[in-house]
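Just below sit the structures, each encoded as structure tokens.
Both complexes shown next keep chain A, but they swap its partner, so chain B is in the first and chain C is in the second.
Now for the complex of A and B:
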């Protein structure tokens, strides 16, 4: 065999090898095994209305991330299970996700009880758990849990402070305050904190009234509120309780001054004629400056479309939609930055770095991995929730309407 | 189909099989299955334990409870409080969780079971209300106070290497305990008593069942098991809140599982729990969540519509179809080779006279006598003295006094509304008189519960037969043998029941349900039950009503043979032909008062009797 033919054969071999390698690489980019992210949501049961918002947002995010080459160049697949609004079922399903489905990453369920159940499973298996609605930060004990719900370490102190600051800044520091609160765990502790804050600020407590979660007849409570006739009303409510209380107050022909509702169902309260000027807390609303970035604007636009198709009555992307999205953003940021799916590395990176999300720049280096309190005050104006405090988060021209 | 009769020791093969299954399940973690399977099985066992414990009270005794959430919740919060505030080791809290719930259950029972009207839906609503009351207490006291109780710092006991395996084993133990108790109860005296209470509590009491005490046992066991399950579950969920603990989920699910699986069999609720939990997990995929829930609901509706006795009831019916009839009843054909319905009535009566074996177990003092006429002169051993009974001001009995002599047949007649049935109810202990005494051998039974009267030897039949509808004919008769004067063990009670059924010609119907009997046979079933109690006095309340003349002849022969064997009879009847043929003495009641008494031939000629009764009702 001549040297020429040997050289030709060598070149052919190298060319063939390169072709095989190149082809293989191309194949890996288009058909690589998906990165499987497992989680549960309350798709049925009493928490389902909010759980479905989280599902909708997750689906939007997956479409977007997979258009961007997924995680580490691999498509992202969401293994979503229905925990039926039950914490014990959530626990078993997270066991399934880890030990049977063997997902690569975990993302949290909706609501405090379910998250704590999932956290126990994650801890036993050393998994990272990014979650977004744990309302009681002091219960977060596991070092690899990442709370995207950026309400700070002691929201029971910081949120009331923000709220009373907002009132003061608008020249409406209340002399008297009436507190009515559900005894729902993540609500009640916030109300207790608000009460302490009011006391420290020298505001007279005109009423402190607790009611049980699940109360439907708000007539007697409304009568006490009218009797107290305070300058400010704190309603520690969740879901539709706020609407029910307003209806009861209306029957008494009484409109409370400056009512604040802690965790209302956004649509029903904003769209109720009784809800005008109602206050609440938020982390994101569908207006500038939150939607100033292209990603946020695109998210808000797509969410509106999908929400309409899904039959959701309030089409603006609000806090729940945003925290759901932010959890996915956080997961993606960690995976991209570390180039890894290793739970320990991801958790370590998240605890050491800030993540840009719809909610703002989040950090996870405080007690319980909580960071800054990014809570803001919003108000129902013309049937929509508008952020009114701090002023830099209010849309142009918006003002806080107080009595 | 009726449930399997109490029959003494369990077949050893089944016990061995049950132990083997338990050991195999207990060793499952050694195979190191994925933690999810242990977690899933944990929930299966939790619901098995809860549903089975519910059925011990509600399925067995018929007291439909919606309060299981309360017993479960007390267990949850007892453990949660003790391990957090009390820093007690977790395992040590479980017996206390069970005890706390048990005490709550017994406390509720001690009050509620004394009130006769608090049965049925009122009991269900009351237990549901207790759940809400307890939730309110927990929410408004330091037990919870609102924020919930978090158990994250509680150390998990190390029964196995992993927490999931440890929880699995604990749940298996609790479920096995609940099933073992339910199994044991079903075939024990207590189980028999509870089933009878479920069918007809008043009759059960009259047959000698101390219903109050047995219901207390049932609610105590039921609540205690639910409390232990709750204590265990506190550690499983880690975060305990009032809204989830005392939610309607627990009572709703245990009812659902028990109804689906079959409430009157020990393994029925377990089957329901397995199916419902498996269905719950079968449709947890995000895409199928809503469709899955709809399918579960549809499945439940179909089962309730087409398997009204649940899976276990259907399995029992299927087994019964394949089992030879004689094997089911342990019965033998009558000497005639015919069923009582086929045999001529007179032949049955003759057969009854010829089969006195049941009577041989009657009290020796009574059995020693052989002629009623002789007893009329003897000292009375049952005496009613100045009995007064008023219902909301209406006098039903107005100072009734009468004596029943040992071995006689005393006739008690009177027009409708004269107070005969009220007097029977007073003597049998079902009603406590407003005033007066019921003396049996000098002991006053008037204010004692009915089961004490039965144990003292007073048996009765009902004008309209009141058999235990879901117990077999054999079990109907075995029950008074177990709880009446004889207090027989289950196996001996069955033997005596067979003798009693043989005596009245119903032995070949032993395995059937009472609903399949005709009126004549049901009347004889009443007689058999009365005889099984080892009566000193039998109160026969219009036992001939509704029978054909031929059947009446057979019944008269039967009654006479009972008396001839030495049993004293108080014979309440409208049929004067039978009264005159059978009775040694006659007492006539009218408007709650005794208006005549003495030899029947003399009494029926007294003007006031003719005026009050005989003039319009003579045969």
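Now for the complex of A and C:
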């Protein structure tokens, strides 16, 4: 046997040994008692269409994290309960997660009401609460709550400013604006802010209408919008309300100029023939530059596959999906960095460090632990949501289409 | 001051909303008034039919006529089966409220299991097609809804008023013992009425699917206003139901046109309270 052969065999042996050790380490990585992360989602009830997206994303993340090394080398288990879109039920369920199920960590539900309920429970037990879509930052008083929904401290001022800046930059500053808003708390809060912003910018208010969450007949509201015929339409809507309003307007043969929908169900609005050029806000969409990183691209790919399997009609990973993913990323970053599951240490670390997520580098050191406002403006173009403002977040060649 | 066009357009919108309330409420009114069954599962039937219509017409491309012709007998049978359960387990009026609420939750879960919680929309040109009459836009789908509702309500009224079965049903509702002495079989008539009620729910489901995007939890969205219309119209009274529904629809629409739209939901319940104070015997 030549020295060369011995050397080759030796290298092979070392490589094999390394592979075995690495494999063993990987197996060992997700061994032991699971780290239990508890949370609720609106799996039924009016918020369920979005809750479904959050559930899907959580499942994707858990698969990925458990393929790596879990949390601290232990597998991660998600104790997920259905809060039925009810904030009061979310409170009871979080109490159960902490006191009966004795989960190690908490992750927030979807929507402001449920998050506030969960926050009260987390505060009572001193637990960290990483949550994803609290729409009214000033209500976040608890020091161990971590808002991943990076809308800044005063989104009611900054989002309308971003929107009107976008219109102005495209030479379409409106002279008149019609505001139509749901009284759903986080929506109404933003609409009031937009109204103030328009006033400060000297834009004439042609219409201000408030409707109840759950309104079915948008005919009379559409007739009033048509009569106001403003240069710009702000629709403070959540879920399907935007679609219902657009259909009512279509029946009056009226296409509003530059309609903006605050929190629409992304799929139905993008896929509706009436939704073309509708504007909204976003933090992430399934296109470059958001998907330029391998992790984001992989997430968008896997999400599309899973969404199709789950029967979701809009397959692009949009803001809701990305925010849900970012919440898990934030939790993992804190656990990994501190090497601990201690709520106080995790919260302290998160408030002192930035976390790299799909939404960007997030910080949690401002008032109410909110950081930068990363909101952008998106628009329905060819049946998809495309980010159009700020321009550096638009995919190559995309432009904002305004009347 | 709102323009005459705005007011006329709003009144028209209210009439159409009222027509849908009436079509959704007809089955409930008949079952409550003549069988003393408060069937909340009727709302679940409406939405189940809506999803079937979405699936068969919107996804699979079946003929709408064929789907309606299949859905009506299917739901008739479902209604008969429900009544058989009530009869088999001797469910009383209050018990029916609880049982059918539970059944509604089960059907909601079934719908969510099959179609997920994601929103579904049956795209059809009919959904947003309107005809202009002077300054007023008349939506075609809603006009068909109104015509169908008028036809069904008048047919139901005539059936109860002028046929032997209808008279027997009313007699049985007033006094089952005396009616039985005259050879009226309450049990068989109850099956028939329950089947017809469920079939009207299926018909309403067609218009729900055509008229707006649907998601499982929406079945509870119209519950309050439809029950208000049923009570206002008088239990088991199709024409009263139609009048009450259209009154509520117009009142809501005018509230939205003249004041803040957020006041609209108060209208139906204010009317209900007002009528119940004046006429507590309506339930």
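Here, the second predicted complex is superposed on the first by the 373 of 403 C-alpha atoms of A that agree within 3 Å, B and C clash if a C-alpha of one lies under 4 Å from a C-alpha of the other, contacts with A are read in each partner's own complex, and residues count from 1 in each chain.
The rule is short, and it goes like this: contacts are C-beta pairs under 8 Å (C-beta built on N, C-alpha and C of every residue); 3 or more make two chains touch, one makes a residue touch a chain.
Nothing here was measured: the structure is a model prediction, and the numbers come from that model.
J.: With chain A superposed, do chain B and chain C clash or fit?
T.: These partners clash in the superposed model.
J.: Name the contact category of A:77: first (chain B only), second (chain C only), both, or neither.
T.: After superposition on chain A, A:77 lies in contact with neither partner.
J.: Where does A:251 make contact in the superposed view: on chain B (first), on chain C (second), on both, or on neither?
T.: After superposing on A, A:251 lies in contact with chain C but is clear of chain B.
J.: Thinking of the overlay built on chain A, is A:44 touched by chain B (first), by chain C (second), by both, or by neither?
T.: both
J.: Considering only touches as defined above, state whether A:205 meets chain B (first), chain C (second), both or neither.
T.: Neither partner.
J.: Using the superposition on chain A described above, determine whether A:240 touches chain B (first), chain C (second), both, or neither.
T.: second
J.: Is A:217 contacted by the first partner chain B, the second partner chain C, both or neither?
T.: It touches chain C, and chain B stays clear.
J.: Classify the contacts of A:183 with the two partner chains as first (chain B alone), second (chain C alone), both, or neither.
T.: After superposition on chain A, A:183 lies in contact with both partners, chain B and chain C.
J.: Contact-wise, after the overlay, does A:92 reach chain B, chain C, both or neither (first, second, both, neither)?
T.: first
J.: Report which listed segment of chain B has C-alpha atoms clashing with chain C; options: 115-123, 349-357 or 565-573.
T.: Only 115-123 shows clashing C-alpha atoms.
J.: Following superposition on chain A, which residues of chain A contact chain B and also contact chain C?
T.: 43-44, 183, 210, 212, 214
J.: Hey, which residues of chain A end up touching chain B in the complex?
T.: These residues of chain A touch chain B: 40-41, 43-44, 55, 78, 80-84, 86-89, 91-93, 95-100, 112-113, 116-117, 120, 124-125, 136, 139, 141, 183-185, 188-189, 192, 210, 212-214.
J.: Which residues of chain C touch chain A in their complex?
T.: Where chain C meets chain A, its residues are 2-3, 5-6, 9-10, 12-14, 16-17, 108-109, 112, 115-121, 123, 127-130, 132, 137, 139, 212-213, 215-218, 221-222, 249, 252-254, 256-257, 260-262, 264-265.
J.: Enumerate the contact residues on chain B facing chain A in the complex.
T.: 34-40, 42-43, 135-136, 139-140, 146-148, 150, 152-153, 162-164, 233, 236-239, 241-244, 249, 280-281, 283-286, 289-290, 292-293
J.: Sort out for me which residues of chain A touch chain C in the complex.
T.: It comes out as residues 43-46, 48-49, 51-52, 85, 183, 209-212, 214-217, 219-221, 223-224, 227, 239-240, 243-244, 247, 250-253, 265, 267-268, 271-274, 310-313.
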